[in-house]
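Shared between the two complexes below is subunit A, which pairs with subunit B and subunit C, respectively.
Let's turn to the complex of A and B:
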């Protein structure tokens, strides 16, 4: 498997290198779909310039990266393109190894269950074969590296690629069972953009499952591990924040980064749901709806964690997808990360209900974004409603996609315990409904 | 596997499926033709309050004097053999304008045989009348071209006359810029880019020394005779962009008020919509507009303003054999009225429609009415795609027992799908880049001029693309499967649907015309359809041939039909103009056709010859 992976990496890096050198790189880095006020390269450069002048980079309202990122780029600014290509490669490799490990575990579990005769007889066709699973890690890496969204994001030098790399490393270390690294990377991801906080729950569930500790409030071992993990997480988060403070000697970054993410002052259009809504709203209701919108991102953690507590890796996928749909400044780079996981759920394909519709809508919307932007901003013949309509449709399609996968996953699990051909009590054929 | 699939294949062309596609197609075409029927269209009305409810009076008295200035201009032009810059500067200065000049040079990628130019060198002269009543943050433009030969002298004369008269009025709240541009669109492009500090097409021009405020609206005047019988309004701009409908309304309102005959597409309004000839008149007018819009060209000097979000139109004086003549004073009064109304604007024209078709000057079809016609055509593509998807899904469970088999079948599948896609697009890239790049080589080896070389190379590459399927298959070792062409066709259908949809949003006419020709072949082409008739049908409906029909149809609608040979020559010149428009002004039609539409058509061609 090493040869195809190497080939893939070479192809991916070549495409990026060629695009970096072409004239469209500049065009891409201006697109609102690809860069947001949070991760635009232009703003990183601005922050660096301010830093070099001895001014706080957070003076003014341009720079919203974390202090660690600015110091990181302070040293590697000359190699920025290579850094971004490396970040993508790293993400892909991390996902590759993570999914490979995960598949091994899934397969082992399946074997035990088969040996214990736990599956109903008619479910044999749902059993996954090693042959079918062989190419999945490679496909995951391919989905990430060759996804046009990732390529655009990388060519625009959006720092979203770095965040993705951190999250991918977090997933890898979690799946490898390394609690310390997992906590550190999770803290780093949280430090970068707050929202990955919701990945705490799946990581904890996964690590507990790996150590065979049941999620039970009365067991001291559960509390002990929870305390350990929380301590590692908060400890490393604290270290990072203190480090940031000592680097710049001010707490400005808290309001400029986290305040900026949470209170959404910049309403530049993007592919998310916030900008139009808050541009239209009366100032009076703003605080209330900001709270509603932000709580919305975090809220799904609770029901999903309860429903998927046996399947933490799928929960990670769901959480990443929810973050990238509902976060305040989403870009296509965020979408690319969760889309990379889709090959890992290949076996759910037969239970997906509207994958065709969703993929057509996603495809059409991706093409319509620049067209409607052109009509709105350059030609002046359309207006913001056109663009927002497409944003809305794009997000609805994403939500449908995610909920479709969720339904398919639950349905497969249901069949694995209750048999494939369900009968009602009266003997007629039954169908499953997601409630 | 083929055995499993043989059953769905035979039912593939069941009558129902063909029927609903045909019905959709006919419904789309009928809907489109119905748009010209008067009861289905809306009456135009002035939406902009600032222009609708206020009264202005027109007093421009000096038509004769303007014509005299025009004659003087003509004399100087003739003496110098080009734009009389010094005379223009002196005259404008004597009228109290701030006068500036801008020189520009432009080397065309290849000689333009229609206008006989290659190395273009010229000067724009413009004078700014500063607004006495407001803070000079906004401006209006009145332009007249300084053309070769004897045309448009009266336009420049009237422009200067109006400048003199406007100068003496106190009510101007916006700067008025009087611009005389040389070499029509090339000069206009240089001036606009200089004004807005952009350089999109790599022209070489000197920076502007003086500016007014941000330009709100512009009119370009073309007038070649002392008296006129009617005024024609030209709206179509670059890439099919149209000005706000209120500008057309304004023009029409003043023509009504002052009593000037006004036309659009050179066609008068008729009131007998119940009669067949009345309907066909409206349909002709609308179709002329559709063809002009689809061409993506700027059909007057105003066309480039639209790119900068400036509402603009060209007003063209027509002198035909009608009895009823209008003199220059009346035209001057009309322009005065329009500028006074535009002067009253509080914000940019935005109240009325931007997407419309006009079957006559008083009637328009808005986007909500014409989009369904396109939607019905695009719907066929989506229906066929859904159909294919279902067929693909139906054949997949057949391999439940042999998952391993499917793995093997699908891995060369990706390659066999990707190869045609990549090769078609490379052909597209060749069609886009080679004609201009290889003109020198072609001129050395063949006895043709540069322009012919470019056009003929383009046609040659276009034709050579037809040989691709055979070579594509030679590249691929394995043979294409049933599944393979279905997936490829699914991809091509979705590609085409998205492509046409996006095109129709930017330029409805282009999208609709392409849909008319491409949808039938996209819907019905399969490797099992009879080879030769299908191949002939595909070639006849290919984008290149569509362009040829459009050329003939356009001539027919303008009531100057051409012979086959002239039509062919016209077709060649249209291609060269399209390429020139792209490299000079950034028109998108040529790259769209070469880089996207043509490869898409090649994909379908590949499916027909799938082995």
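Let's turn to the complex of A and C:
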């Protein structure tokens, strides 16, 4: 497997290197779909320039990266392109190994279940074969590295690539069962953009599962591990925040980074749902709707964790997808991360209901974004509603995609316990419905 | 021609009559609070040195009939309207003002007041006793007195007025009115003032309430075209500009500033109340105090520009009311709005600052300087004829000076016309004056309005300036000049280009460039480039204050060295923000204004500048204090910018709220559906008939059909 992976990495890096050297790199880095006020490279450079001028980067409202990022780039500013390419490679490798490990675990579980005769007899065609699972990690890496969204994001030097790398490393260390590293990377991801906070639940569930500790409120071992993990997580988060404080000697970054993410003051258009909604919002309802929209991102964590407590990795996928749809400043780089997981759910394909429609809509919207942007901003022959309509459609398609995968996953689990070809009472072929 | 002259005579007569009436009116009004009596008394006894200077060359024995008339009426009004209890009141007032524990300074002043007052009383008695004979007033010659009078005698209010007319090479004409009121009081050291003489009470109260140290405000319509017109005496940016230095006793400057802008907004009927934190800055170097005092802590400075402000009659009327004579006498009669606003450039300004009263600066007084500058266009106002007269410019002629003015003069710039080869100026005047203005020695013909001879037989002054040649000589290029524009297309990003020209053939000099950019144009300071002559020219000082959304604007201040005979280009990129729909102006597609850049510089001077700021000089040449002889201070404003922003659709907030909420609901709904429901085998539903039958059976208590 090493050879195809190496080849993939070489191809991916070559594509990026070529694009970095081409004239469209400049164009891509200005696209609102690719960069948001949170992660635009132009703003990182601006922050560094402010630092050079002796002005705190957080004195203005242009720079919204965390202090660690600015100090990181303070040293590697000249190698930024390499850093972003390495971040992408790292993400792909982490996902590759994570999925490889996960597949091993899935296969082992399947084997035990088969040996215990837990599957109904007609479910044999749902059983996953090692042959089919062999290429999944490679496909995941390929889906991430060769996804046009990732490439655009990398060429635009959006720091979203770095956040993705952190989340990928978090997934890897969780799946490897390293609680400490998992907590540290989760803290780092949270520190970077709050929302990964919701990944705490799946990580905890996964690690508990791995240690064969049942989620049971009465067991002291559960509480002990929970306390351990929370301590590691909060400890590393605290260290990072204090480190940031000591780097700049002020707490300004809290309001400038997290306040900015949560209160959405910058209404620059992007592919998300927030910008136009809050540009058109009546002022006295603004706070209410901001609360509603932000709670919406975190809201699904608990019900999803309850529903998917046996399947934490799928829960991670769901959470990442929900974050990237409902977050305040989404970019295509966020979408690329959860899309990389799609090959891992290959086996759900037969239960997907409208994957064709959704993929066509996603492709069409991706093509229409630049067209309608041009009509609105440059040609002046369209207005903001055109672009807004496309963001709506794009988000509906994403929601349908995610809920379709969720449906398919649940349905497969149902079939694995109740048999694939269900019969009605009268013996005719049954159809499954949600009730 | 005869009819024309006849009309002029009639007009002059009417104006004379009305002026007499008005003067009486003024006297009556002022007499009511006993101020005029006081004033007249002071005038009568202690003659102003500057007055003496200005009148000593004139023939004093000549007295026009009108003048006599006026004085007779003045005396009458004094007799009628100044009963003695007023005087008592006034003395009482004076006592009250000095009631707090008398410091040495205060007792001295009290004594001084007392002395002046005694003189006034004597004068008052004299007036009361005397039959209405021509009284000794402003025009009494006291040639024996030297200008070097003891300070306590000069310590009093003073009013000067001036009109400068500069024929421009383009054929347009530039007229600049300057009014200066000196107020001899001491706010800076905390004494409270309750009586006002010439200084407008509304402003006096404002500066004492808000502890203002300096206040500069200007309202401008149109843009000053430096390359066509040369430098103005007092530059101002299009729109409204306000900058204030507060005294260092002010604890909360922002609150004082907010209140002050609201009060000034009321006084000048302008939209100054729109000044808030989003357009207020504290420049670190560009705006230094112009008066005495060396407080340079920028925490006490506030600067704001409203480039969108429209200036019109409603701003002119309150401005004129601040003059001691209003618009009823003196130069201010020329200010008729239908002419003033029918011009290519109109700027009215007001500057309050503490100034030294003498060379050694032993005491300070408040100076209120009101200026009004207009440029009348050759084609629209002048009907294409290179021939200007006061009447053509203002629809009025001058008939008298403001009676309260210690000097009242009209200057006409004749530097380019020493032998009269370019234009004719009539009536001719023998008085010539030289002044160093903006680094250049200029010659002016002077008409002294306090001299009745100026008005001649017609009792009115209507200067006529007729160009001889249609082609004029080339104007010298101004040494410093700035331009600005926005580059780029589309509504996403853009680039501001500022061009600064140094036209000096061999001298390089530094300039301070100040840019204030609203927050919704997000500047990227790392894209700042400064190039001169094709090479990068790194600013030696940069003060940058980034913007805060909806809170504060960008402030960029740079010190750039301009090489000789060069053009320096400053560019910086910006990004246009999408605002909330309620934050747009009612005409969002008109665009948003960005105020002018301010270029301040010490420009090398051709002639030696006069560094004595207290010496008697024409008002127009003495505004910016001069610290060294080799250079002079100059401020240049560039054009304001008009920038378009992307706009949302203002008509559909409800639609957007509904649609976005629908999408969120789709997400929520589909997840909720999957989370709360379970998979079940679908059983065929019973037919309608069977269900109805079952309901009936249940009612009857019979077993149900399966």
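Observations, loosely collected:
Criterion: the second predicted complex is superposed on the first by the 430 of 435 C-alpha atoms of A that agree within 3 Å, B and C clash if a C-alpha of one lies under 4 Å from a C-alpha of the other, contacts with A are read in each partner's own complex, and residues count from 1 in each chain.
The rule is simple: contacts are C-beta pairs under 8 Å (C-beta built on N, C-alpha and C of every residue); 3 or more make two chains touch, one makes a residue touch a chain.
The structure presented is a predicted model; accordingly, all values stated were derived computationally and were not measured.
In the superposed model, A:348 makes contact with neither subunit B nor subunit C. In the superposition on chain A, A:316 contacts neither subunit B nor subunit C.
In the superposition on chain A, contact is made by A:131 with subunit B only, not with subunit C. In the superposition on chain A, A:179 contacts neither subunit B nor subunit C. Counting the residues of subunit A touched by each of subunit B and subunit C gives the higher count for C.
Look at A:38: by the touch rule set out above, it reaches neither subunit B nor subunit C. In the superposition on chain A, A:363 makes contact with subunit B only, while subunit C stays out of contact range. Shared-chain residue A:378: touches subunit B and subunit C both. Under the contact criterion defined above, the residues of subunit A that touch both subunit B in one complex and subunit C in the other are 378.
Considering their complex, residues 125, 129, 131-132, 135, 356, 360, 363-364, 367-368, 371-372, 374-375, 378-382 of subunit A touch subunit B.
Partner subunit C is touched in their complex by these residues of subunit A: 30, 32, 42, 45-46, 48-50, 53, 55, 59-62, 265-269, 273, 275-283, 293, 296, 300, 303-304, 307, 322, 325-326, 376-378, 383-385, 388, 392, 395-396, 399-400, 403, 406-407, 410-411, 414, 418, 422-425, 430-435. Chain contact summary for the complex, subunit C toward subunit A: residues 489-493, 519, 522-526, 542, 544-550, 554, 575, 577-582, 646-649, 652-653, 656-657, 659-660, 663-664, 666-668, 670-671, 673-684.
Residues 241-242, 306-307, 309, 348, 350, 354-355, 382, 385-386, 389, 400, 403-404, 407, 494, 497-499, 501-502, 505-506 of subunit B touch subunit A in their complex.
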